[in-house]
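Here come two complexes built around subunit A, the first alongside subunit B, the second alongside subunit C.
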Partner chain A sequence: MMLGPSLPEASSLSPLWLVPAVPLLGAVINLFSGRRLGRSAGWIASTSVGAAFVLSLWLVIALLERSAESRVHIQHLFDWISVGRFAVGADLRLDVLSATMILVVTGVGLLIHVYAIGYMEGDRRYGRFFAYLNLFVFFMLLLVLADNYLLLYVGWEGVGLCSYLLIGFWFEKTENASAARKAFVTTRIGDTLMLIGLALIVAGFGSLDFGAVLGAPGDTIAKGTATAISLLLFAGAIGKSAQVPLHVWLPDAMAGPTPVSALIHAATMVTAGVYLVVRSAPLFELSGVALTVVLIVGLVTALFAATCALAQDDIKRVLAYSTVSQLGFMFMAAGMRFYTGAMFMLVAHAFYKALMFLGAGSVMHGMHEETDLQRMGGLIRRMPITGWTFVVGAFALAGVFPLAGFFAKDQILEIANHTGRTWIYLLGTLGALLSALYIGRLVFLAFFGSPRSEAAEHAHESPLVMTVPLLALAAGAILAGPLLSTSAEGTLARVLEPVTGPVPHGEGLPTLALSGIATAIALGALALAWWVYASGRVEWLTLRERLQPLPRAAGSGWYVDRAYSTVFVNPGAAAARFTANVFDTKVVDGLVNGVGTGTRRLAAVGRLLQTGFVRSYALAFLLGAVGVLVWVGTRL
Partner chain B sequence: MIGQAVLPTPELVFEPLLPELVLVVFAMAGLLYEALAKRTEAVVHLSIGLVGVVLAGGTSLWLWDWDGPATVLGDAVSADRFAVLARLLLLVVAALGLLLGHQYFARSGDEQRGEFTPLLLFATSGMTLIVASADLILTFLALEILSLALYVLTGLTGRRAANEAAMKYFLLGAFSSAFFLYGVAMAYGATGTTKIAAMALALTGTGEAQALAVLGFALLAVGFAFKVSAAPFHMWTPDVYQGAPTPITAFMSAATKVAAFGALIRVLDVAFQALAWDWAPVVWGLAAASVVIGSILAIAQTNVKRMLAYSSIAHAGFILTGLTAAGSAGIRAAMFYLVAYAAMTVGAFGTVMVVSGRGEKRTRIGDYTGLARTNPIAAALMTLFLLSLAGIPPTAGFIAKVNVFSAAIDAGYWVLALIGVVTSVAAAFFYLRVIVLMYMQEPEPAAPSLTEKVGIGAENSATAILAIPAAATLLLGVFPGVIVGIIRDASVLRW
Partner chain C sequence: MNKLLTLTTFLPLIGALMVLGGGRGLKDRAARWVALGVSLATFIVSLVVLGRFDPAAVGSFQMVEIARWVPSIGLSYAVGIDGVSIWMLLLTTFLFPVSILASWTITKDVRRFLAAILVLETAVIGTFVALDLLLFFLFFEALLVPMYLLIGGWGGQRRIYAAVKFFLFTMAGSAFLLVAILFLYAQQEGPRLFGYGAMMDAAAGVPVTTARWLFLAFFVAFAVKVPLVPLHTWLPDAHTEAPTAGSVLLAALLLKVGTYGLIRFNLMLFPEASRYFATFVGVIAVIGIVYGAVNALVQTDIKRLVAYSSVSHLGFVVLGVFAFTQQGVTGGVLQMVNHGLATGALFLLVGMVYERTHTRDLDSMGGLASVMPWLMGAFLFTAFASAGLPGLNGFVGEFLVIVGTFAVSTWFGALAATAVVLAAIYLLWSYQRMAFGPVREEHRLLPDVNLREVVVLAPVLALLLVFGVAPTLLTDRIDPATETVIARVAPDHRIDVGVPERLTGIFTLDTKATP
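Right after this comes the complex of A and B.
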């Protein structure tokens, strides 16, 4: 008899389950003996992610050796839930889409783990930190490898939990604890709607397997149902990927340790929403309306967050708003059915944004946890590796040829132009302009000009364990673009095509002209930023005072938080107080206590029958037997 | 005709009886060791017992792929996978019982109990025999084998409470055996056979004999209801579970139920399958009475062992709820429940044993106040088992309850399922009360910490044993799928 999970026939892809299992093992080891391991906890965690990365690489190569049509491997680990005809298995799916994701998660994850060994040095809960980080990688891999929506949801909630634990990692500070709570509660809104979406999928398809749901959804469900499901799933994506109107948690989440911001809140978890939309593309396409919603939400978020980023003084908050904005670009691409573009930008963004977050962490490390841009300046001379790699990341984000961000953004705008969406193209270009401006402002304020504080003058470069990952990510940010370029015959697009479908085509301005415009805008904006913030010829603080109240409003995220407090939080708190203090104590407790008292009295009476005498037990037995016989007798 | 009758000599195929033979041989080896050795060592007894159980388990596993006849020894013993799975479950429980008992007698300071291991093996052999029995006479024999051994085990320590419990158990057990035997006679009168398979054939399509058969079934049901402690035949349960030494309570609360339900399933779903419309209301009534009485009376208890005894009455009701669905749907639900119940009840009583300390002085519910401070591991284990007994996810108890309720609803007995759900809510009260005491109140200042009383070594090894049921409780709650396939294979009764 087979007692263990039944592994499928041996193939070169059968070690797939090890990919999530190894980080889980790392998490378990660090969770239970992290305190005793001391510094080696970080190395154990990094090794487990490294092993997962090597394994992923090996699996992806084996996958790509197959012909394009057979690049799907489904591994059934065990039956998980089986109720009547409804069954959910613990099934993993490796196809080109999940392959892309696991490479990003383990590859960028590995670099960030190594970096964290240096960054978290001396922390009281060193082992715990790496246990959480490994646990996060496990859940993220589960999310992207799942072959059904329920397992995906497990991963989805798991990464949410790890995000909560890590944002509040230094929970002694009230600010951090409440940021963690805010992130958890805000994403919960999306998650709940997503769960309803899963229920609708079960109702419509009788299954949660990707194969059954995404094969040909039009044969099973109506267009309206598809719209409902897609919008509910997208609501989950809005929460997880911090899109308007649920974006408010991400800037606050920067309270967590910087490697966490890099891994979870830039490179991987927040991109899960994009992955979800791309994965569920057949549902969104069936609906049509849903795609338009995705496009509009993405566009609004891209522009909105870019304006906020322009007015932040905290280095990590600039990057946080930037992440929100960049995710908006990814959703714009998905909304135009340009899924390969969304995925390409996801990969490119993972490199350059992780790079910049780690760079920001390195700056904080060198300046005693300083995050205020106004107190920096001229750092590139004190910390050259951090500085120059940061410049690479910033230029990649601004879209300077030939860095990764150039290809990513340029392709998305080109598709907008070629599919006749002129307004989208123009507004997207405006977003690109704002992106180059805010990132230029960040770079020139922090690294160029003259030092504006004591700490900035005495900043020191970080240790090798932190700078080597920076160099590796910088190499990725430079090379990812040309290597993976998404033009129709480009590599990533061709590989992803079996899952995401062909890249949309159309007529518009010639590609070269569009690239020229994009480059001009990027360079122009960077030059403007240099002139205002680093040339010394403009008093930018005076300029800002003259522009008030605009910078103040943008700096506070256009008062969205305050509006939510007034409209939702305060009335909600009042309602909660009423139910807790009045309704619960008077009505609910009264009811429960009444039932409880009644039951206790009944039990006390029943107890009297239990006399302890065998004769009375035998009598009860006999009465019972007579009862059964009489009951049976009446039915004969 | 009589003159010509030739006594049929059944072909002797003994392999399907190997687990029982192994158990009995090792039990006798234990007795001989106790009788002949100059100085006996508890560890030797434990080893004899464990080796016997493991070997019996091995032979059972081998029987999983048995491809001989469905029944052997004159159609008296079944060789189906149902019997194998039930046996394996029983043997695991027996192994846990042996380990817990070893710890218990080691710490109690009572003189060494050489009879413990052989008696437990004998009881187990009766239990593994009854789940494979395909003849009501053999079922009765097996029932007596297991019962007699359990009566003695109950009174093993010779304490006053234990003796009283053993006496009560014995008297009422004899009473119920009479009902059972009378039921066998009635069934024989109706069908002319005591073989379960032949009864099933005889009962399909006959009109006249059915009245007698139904009466026979009712009497058999009374006998089984006593063994599984279903209300209103449950009165012995609290007294016996409280009086017996705790490791024996752990063993019998789980194993007796598995064995008796295993035999009952064969009687319901094979022998009397043609009369499902007649027996279903009886099972319905027993189920409803058990869940209500078990859950409500548990609330009034102040002793943990007694509370768990009433809880076991309620759980018998839940299993019966699943069995109202005739056929493999009901069997699957009941089998899963039995596996889950075995894990959580052995775990709960095992934890009670750890907490109670030498001489079982601490078994009041009040003794659990602040346990999370004085013994956090025991408190955590107890919490897990209580949550599972209450049916709260992600534990095995939750999945088990979902299964029996959905089986009952699919069979059309939604009122019963409703009663079950409502009483589950009431039952949550007394389980959670213990958890609240353990975690949310400070320990009494006078309460000695456990380690002082038991010695840290003994406590740790007893706790380590409990890791097995704890792991099973969690695993089945999170990944019920791991045994669904096995249960599906085992839910087909061959006859």
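Right after this comes the complex of A and C.
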């Protein structure tokens, strides 16, 4: 057991609770007076997240000033649950891992809030929107700052709630409402398994505190129990981070306003699963098998979703499947015990994917809500800031040196190669190739070539309040890589090591060769995408028709939704209808009525009662009571 | 001597007499204010009771009042409270003024309606404080009459069918209860008494097999009330036809009389039989949890839907109680309070929606969130509380029950957890059909909540949040009482899943890494 020395209450870190509290305050203000506030609702919301960001920055600097072994601060707010000896506190934990997360959540969150001020302009529920957005930031911060699994679960479900509210924000359209419900229910399947995992943790450790569970000696629970717990927690991660087989909700979640897609369904909430696995690494390591499962699920998802992304015509759905695929890469990293790599990719991805989502929103803003790639083209001349920042994001995702995505993906593949997982390396490289292809396809179809619709010809650039966040995120996507690179000497790796352990190492192809291969593949795929989609030399729609039915199948997400309907939803609904309409009303009710008096006699009694008999029940009851007393009295 | 509990119990009855006895001179409007005033006064008195209640006292009833009533047969007037009944009492006195205010719009036979409600309050409080079994039985029976009148007199179209069904089911159950009580009474030597202590001694004296039969007799009576599958079929009908106040009080309080009876009498009088039947009851409870939720999935009548969700939620209570673990039993009692508040609030909201749309059919609604955002917002909040969203009250009880059950049976705990998914499905799906999508033409001009409705809802909704964030307000008092229960029912293998000391600090990977 490696428990740190009992740490003195450090005053410099005691404002920690304010980090989640300020966005919560913003949410409350906007919820109850959003309508009166008018446009300033957006500024109030942005200010609250901005304040949380500045505060986080200040706290993280104070944390990093400490020596590596004492970089943890635990703040006990109050006893939440206390029954018998089982206790759960409202406790916050600031350590290097949660510090990384709060910077991403508040930093990227701030930019998206500012952007939304412009994007949501004129919406009739403007104040409500920012209330939900603030509430989301509160729950997300609670999730990553929690010092026990149950408080984490509060944040976990809370972000799910906000996701539900925001996907269905324009609930007048039935499909938006359905997408919201689908998201909540699908993720809740994972959440329920996770909840069972928490119950198992309590059974095994008697506590849900990170310190007690993750710092317990290795022999506290059996290996099988550790596997069960890890897999159940991972089930929660699969739901939240949209991994196969629970990925189906994320593409539909694009029904929400675009800032929501950027903040919740790309940069922060969906990465909660990665955070959970990295945080719970000691349990996963104890199991061993669980890590293999994480690796395989991540790999399968990364490839599967990349093929889907390649066949989408809706700009937001490309990005949604891309997010699913990228999260798969993060889980691959975690599955290989390369936790810092997973975290690094999480940070990098938050920048470039938020950037691209906001870029897509800017395109929609400039083209009257158009999302069909077939009706775009040549937009880079009409909206240069949006276009060029989008190119930066796309190149980052494709893994072009020296952008953030290059470092992230390259290192994950390198670890696969160096730990002797040749197949993982090869398939991962295939995934990287597909990623560069689909994002190249998106960029060239949308921004290059010639305009393919009236709206594309008359597209206009978005206002400053929207383009400034794009520029800031583009700067992040460019700088994050070199600054945080996770090679063994990299900054993030060194900082995270006390929590995530050392980066695994081994022998394989030299790093330079691997980087060369990766770069060649990224550039080659982008070139191919240019040739097919923007050079004008290929009739890509004709090409697509020739390849049918593959593109159609991939475009539908390989018919997984339809399969779920056929196998689970429809039979389940039919069974429930049978239970409710036939079994319960006819069989159970009939039987129970029959056992007592016979249905016919029940009706007869009913008539009797109806005619006023029961109105004098009080009298009958009194008589009965007297009768009882008399009977008892005679026995004395 | 301190007569606080007696005052709480009978104050509403006095109110009922005032309302009825006011004669024709008493206008409906004044009668409403009288009833509201009396129920509020009762609530205030019960707050004084709460204030004087000593949370730390273990294993004894407090504020006990004993008076000989019919000494020749050993019937006494004995009342008192412990950490379980104190919350049932408070829940009761809290929800009655709320229900009365929610019924402001009733115009038919107002004074009798209010009198029935106030009589019902006395009867409900009586069952929760009675410490004499015959006295308990009298209150238990007395519940039926006003509730029957409320459903039959102010209900919907099939109200007579529903009222009679409700009446016959519970009557049939209580027949068993009466027989069992009298049997125990007859077992006593010397001066026979119906008092709790005397009956406990008598129950300890009967042979094991007899005790098991007696357990079953008590169990049937309470299982009908809870209700446990397959004795639940009266509930959807009763709820559907009852007026709003009737549904609220039925779900929030009358069902709790069943679970309260299980804890107070089945577990305490027949500990051996309770252990003997624990698995059996657990199976029934789990079936109820899943079965109620599955049935709720496909209901189109919103009241029937909430009724089936109650079957599911009450299954949680029984499952936790019969786990005999500290977390399970306390979680079960907590769930009783939580279900009372959340489901009570749901029925209040359904009533408000019905008053506007005049339908309970989900397929005839839609888009209401755009015409009445606050009412629908309150609905969603309550639905999430009911679905066990962490941070709101339903979650803590549910989680404690799951954790407490896990310690004895992994499968029961895991199966019960499936209800978490199902609850999300049926609540969100019904909410979507009601609130989302395009508005129907005839609903376009419906008004949002008015001031009276805000006053009705705000306190209940506030408590959903308060008890989600600070459940210790409740559990601090529940825990000592359930400890007594567990000490009696499972003295040899007391299970408490927590660890006494808490560990915090830095942990690292290298200590556990497996090659």
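Quick notes on this one:
Here, the second predicted complex is superposed on the first by the 570 of 636 C-alpha atoms of A that agree within 3 Å, B and C clash if a C-alpha of one lies under 4 Å from a C-alpha of the other, contacts with A are read in each partner's own complex, and residues count from 1 in each chain.
Note that in this section contacts are C-beta pairs under 8 Å (C-beta built on N, C-alpha and C of every residue); 3 or more make two chains touch, one makes a residue touch a chain.
These figures come from a predicted structure and were not determined experimentally.
Of the two partner chains placed around the shared chain by superposition, neither subunit B nor subunit C is touched by A:564.
By the document's definition of touching, neither partner reaches A:17: not subunit B, not subunit C. In the superposition on chain A, contact of A:43 is made with neither subunit B nor subunit C.
Within the superposed three-chain model, A:80 lies in touch with subunit B and with subunit C [touch as defined at top]. More residues of subunit A are touched by C (comparison of subunit B with subunit C). Once the two complexes are overlaid on the shared chain, A:530 sits clear of subunit B and of subunit C alike. Common to the subunit B-facing and subunit C-facing surfaces of subunit A are residues 1-3, 5, 78-84, 89, 596, 602, 606, 610, 614, 617-618, 621, 625, 628-629, 632-633, 635-636.
Contact residues of subunit C toward subunit A in the complex are 70, 72-73, 75, 138, 141-142, 144-145, 148, 152, 160-161, 163-165, 167-169, 172, 178, 182, 185-186, 192, 229-231, 233, 291, 294-295, 297-299, 308, 326-327, 330-331, 367, 369-370, 373, 384, 389-391, 396, 399-400, 402-403, 406-407, 410, 413-414, 417-418, 420-421, 424-425, 428-429, 432, 435-439, 469-472, 475-476, 479, 483, 496-500, 502-514. Only residues 1-3, 5, 78-84, 89-90, 596, 599-600, 602-604, 606-607, 610, 612, 614, 616-618, 620-621, 623-625, 627-629, 631-633, 635-636 of subunit A touch subunit B when the two sit together in their complex. By the touch criterion given at the top, residues 61, 64-65, 167-168, 171-172, 175-176, 179, 211, 214-215, 217-219, 221-222, 225-226, 231-233, 235-236, 238-239, 278, 281-282, 285-286, 293, 296-300, 402, 406, 410, 426, 429, 479-482, 484-486, 489 of subunit B touch subunit A in their complex. Partner subunit C is touched in their complex by these residues of subunit A: 1-7, 69-72, 74, 78-87, 89, 91, 95, 128, 147, 150, 153-154, 156-158, 161, 164, 168, 171-174, 176-178, 180-181, 184-185, 188-189, 191-192, 195-196, 198-200, 202-203, 205-207, 209-212, 214-218, 281-282, 285-286, 288, 498-501, 573, 575-577, 579-581, 584-585, 588-589, 591-593, 596-597, 602, 605-606, 609-610, 614, 617-618, 621, 625, 628-629, 632-633, 635-636.
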